[in-house]
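Look at the two complexes coming up: chain A is in both, with chain B in one and chain C in the other.
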Partner chain A sequence: MGRYFGIFLTFARACLVRDMTFRANFLLECVTSLGWMSMNLAFYLLVFTFTAEIGRGTGWTREPFFAFVATGLIVNAIVQAFFMPSAEELTELIRTGGLDAVLVQPLDAQFLLSLHRVDYSSLANGLVGVGLLGWAVSRFAAPPPLVAWVLYPVLVACGVAILYALIIMLAAATILLGRNQSLYDFWFYLTTFSRYPAEIYAGPWGGPIRALCTFVIPILLVVNVPARIIAQPFTAAAGPLVAASLGAAAAMLVISRIVFQAALAKYRSASS
Partner chain B sequence: MGNAVVPYTRRMDNSPPAAPGQPTVIQVDRLAKQYRVFDKREGLLASIRGLFHREARMVEALRGVNLTVNRGEFVALLGPNGAGKTTFLKLLSGIITPSAGTATVLGHVPWERADAFRRRFALVMGQRNQLWWDLPAAESFRLHREIYRIDPTRFARTRDDLVAMLDVGGLVNRPVRDLSLGERMKLELVAALLHEPEVLFLDEPTIGLDVVAQHTIHRFLRHVREERHVTVVLTTHYMKDVVALCERLVVITRGSILYDGSLEGIVDRFTSHKIVTLDLDETPAPGRIERFGFPCEIRGPRVTLRVDRERIADVLPEILRGEPVRDVSVEDVPLEEIVAELFRGAAAGAP
Partner chain C sequence: MSDATHRPLAGLRAWLTMLSISLEERLAYRGDFILGTVMRFLPIVTQVFLWTAVFSATSRPDIAGYSRDDIVAYYLLTMVSRAFSSMPGLAGGIARGVRDGSIKKYLVQPVDYISFLLAARIAHKLVYYLVAALPFAVIFFLCRGFFPPAPDAVTILAFLLALVLSFLLGFFMEATLGMLGFWFLEVSSIIFGYMLVQYLLSGHMFPIDMLADIPTGIAGTSLADVVRWLPFEYTAYFPSAVWLGKVRGWALVRDLAIEAGWVVVMALCCRLAWRRGTRRYSAFGG
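And then the complex of A and B:
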């Protein structure tokens, strides 16, 4: 485990050296990312000028909702910084035969393929997310209990794990298909559902979406569970939520591992 | 009279020059690889039709190949494009899995991808860059040390030795993207050898390189093989690589091994004649020289004849006795010619 951490640090260091080599590009990426996030926040502020709550009786008033948005920013920043850049590169690695070089190294291929690139500019959003969370929580009528603070990072990690597993399964599809742009688009569309409180998925259309995104592809657990733990009153209902999140994360990681290994066994390699 | 020129060092037998007494490093039995490929017809209508129905066919990249390589051998895999050379290397290095057959490299089944196996070999692909593109090679070397868990002192010593041998000390701290192809290939070789592999797979390592870089790499690989007793399997299109580096040649065409033996053996097996070049005092009269053999070229007093191998001992004294010879040379048919003929024969479906 220590060896893998050491290798990850070497990757992280190399990516930092590279980012600093192209400083203007790095700064531009930070500015673009922060700009997009600011527009989203402005949009939500605008929404709250018309309503006091997202959905009647849901508890998602302005400050709790911004804690929800902050949690989404933190989860997505981690995924975008540590996992997505490597996954995005996979299609190119397969097309050019670069995956061959990965497979001959005495290292877990899944680790190498999912963690060899770090996008530091994405962490800027995460830092803003932490700041936003601090601001929102400081304005709560009652501060979250200590147990919520302890559970929060664990549940954020579960959310990251669920998204990571999804990326790995899409990467496996890329290995099998050779090219997979549409499936990454699918990932974007799917994760869009995770950005809003689960309560908005109600009624004849919302119900099936909520069931699908909770029990089949547990994308609704990614942000909703940690955000609910920190931003909503802590009750006995938290227990099943935490268990569901932990269980879903573990199951997704196991399934994605099996799918990825099966795909690697069927890898055809590009012609030279 | 000049000396007869023999271009390649000759060995007396035609058997594969496997390193005798050395342990077997690579053992391949009836190894086969088939691919399912989809044909795509030209045109919009055909493309739309292809959405619903695709025509698939099986391509046999490798057809039941057998091979044994002993420790310390330097084996060249030679074949035309699409012959199956690279597929063979990919199977031996565990990148892909076979459709049938078995193989062991250093006692491991390659496609099981055990770390214990992957620590003991290296693969260098001439057409693919394995170093970090935007960073100096020194960064890739550092990563290599972490991945292969190389002791820092040993790492530094090996790196410095390899860098000195290839004279690339001034390049390791420059971004790889700023280096020439030859410089990159030298650094790729350094990276590949940092963990002191026992087996080295080289896929066209000199492709696109100038003569000087080719020569440097040949010298380096010879040194590595002699000093470190590394077993090397090389694929190439260049006969220069084969002649400079390998004692054993494996010719692959259409997924099958057509020849496995010494460089000299291929000459003996696939040609029945030698090339005799005569420098005469004057241009021979028409019909005078043909009795010794088939005249390939007559350019003034310089004559090139193809003479049956079995007749050479009788014909040479006869020429020297009866003709005004200033100089004579006897050569084997150039290896390139033999190999090209083999490739053409295979392409035409000859056995």
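And then the complex of A and C:
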């Protein structure tokens, strides 16, 4: 484990050196992601000029909702910084035969394929997320209890784990299919469902979507559970939510590992 | 005599050849196209639920003149507008051609580069509509309850005209942007800035009418007024607003004329950028 951590630190250091070599590009990428994020925040501000709450009686008034948005920013920044860049390179690795070189290394293939690239510019959104969370929480009528603060990072980690497992399963699909750009687009569109509080998915169409995105692909647990713990009154209902998030994260990690290993077993080299 | 009669025909033939090449190129990836088309509706699904939740929490019957159903219909209609006006890869492709020198073949061949790009883009769009017609039809049929009764024939004609003009406007705006590559080595940040502004101010994200109460600091001028001075709204908001009957009568004629005016302005800008750009362009190597 310590060996793997050391290797990850080496990767992270190499990527930092690379990013700092092209500093202007790094700054531009930071500005890019901050630009999209600001635009979304502006949209939410506009929405709150028309309503005091997202969904009647849901408790998602302006500040709690921005705490929700901040949580989404933090979770997605971690995923985009540490896991997505490596996953995006996988198609190219398969096409060029570079995956063969990965498989002969005396290291776990999943570790190498999912953690060898770090994109530091994606962390810019996460930092804004932390600031936004601080601003939102400071304006709550009652500050979150200590237990909510303790659980929050754990639940954020669970959210990251669920998204990581989804990426790994897509990576497995890439290995099987050779190319799956549409599947990565699908991942992006699927995660749009996690951007809003689960309560908005109501009614004859919303109910099944909510059930599907909670129990089949637990994408709704990613942001909703940590955001609810920190931004809504802490009640006994938190217990099952925390358990669901922990359970879903563990199950998804195990399933994704099994799927990934099965895909690797079926891999036939593309190199000559 | 022969030159005078042959040239237009030869031009048309070359143009049709360019169109058919691009059609075949596009049809090679039709499976990917269908999947991509359906997936692009997913963010709208979340928008529908978001606005439904907003309306459930407020006692207002409408927001900026839009009922909940109007907003859903509006988002679906912007998908149609964007299917006409969005030009994925156009600006980046032109700038890349300038940077890597591949654009030089258009300088020595008897082919007008802008016409070639336009033909390729029409082919791209034709294939897109061919493949996307079915998913669009299914989704619009499922969501028919959100739409007001179908407008009259004149409004439908105005809507179709607005769409065609939005295609031309989108094309010339992005092509001009790509030609900035003659002056700047790297235009990806400019393209990004454009996309950002475009997404926010075209009405893709929300109807422009929602900005009517946002002050700008200029007396009597709201943010919506400022946005209406710019060409972006014609690429998403305007055609949708026409279908929903938000723009009628003389206002409709005036806005269509303004849209056509923007097309002419951007086409001239594009031609000018190409002329000036190719004059200062120099390529090295083979």
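Brief remarks follow.
Basically, the second predicted complex is superposed on the first by the 271 of 272 C-alpha atoms of A that agree within 3 Å, B and C clash if a C-alpha of one lies under 4 Å from a C-alpha of the other, contacts with A are read in each partner's own complex, and residues count from 1 in each chain.
Rule of thumb we're sticking to: a residue touches a chain if its C-beta (ideal position, glycine included) is under 8 Å from a C-beta of that chain, and two chains touch if they have at least 3 such contacts.
Computed from a predicted structure; not experimentally measured.
Contacts of A:T51 after superposition on the shared chain: chain C is touched, whereas chain B is not. By the touch criterion defined above, A:W36 reaches chain C but does not reach chain B.
Once the two complexes are overlaid on the shared chain, A:P106 sits against chain B while remaining clear of chain C.
When both complexes are overlaid on chain A, the residue A:G203 reaches chain C alone and has no touch with chain B. Of the two partner chains placed by superposition, A:M1 touches none, neither chain B nor chain C.
Once the two complexes are overlaid on the shared chain, A:A236 sits clear of chain B and of chain C alike.
Looking at the shared chain after the overlay, A:V216 reaches neither chain B nor chain C. Once chain A of one complex is fitted onto chain A of the other, the partner contacts of A:F11 are limited to chain B, with no touch recorded for chain C. Put chain B and chain C next to each other and count what each touches on chain A; the higher total goes to C.
Once the two complexes are laid over each other on the shared chain, residue contacts for A:A142 go to neither chain B nor chain C. Taken together, the two structures place no residue of chain A in contact with chain B in one case and with chain C in the other. For chain B in complex with chain A, the touching residues are 35, 86, 90, 93-97, 113, 115-116, 118-119, 121-123, 125, 127-128, 130, 132, 134-135, 139, 142-143, 146-149, 175, 203-204. Those residues of chain A lying in contact with chain C across their complex are 28, 31-32, 35-36, 39, 42-43, 46-47, 49-56, 58, 181-182, 185-186, 189-190, 192-193, 195-196, 199-203, 206, 209.
Contacts from chain A toward chain B in the complex involve residues 3, 6-7, 10-11, 14, 17-18, 21-22, 96-98, 100-101, 103-107, 109, 265-269, 271-272.
Of all residues in chain C, those touching chain A in their complex are 32, 35-36, 39-40, 42-43, 45-46, 49-50, 52-54, 56-58, 60, 63-64, 189, 192-193, 196, 199-200, 205-206, 210-211, 213-214.
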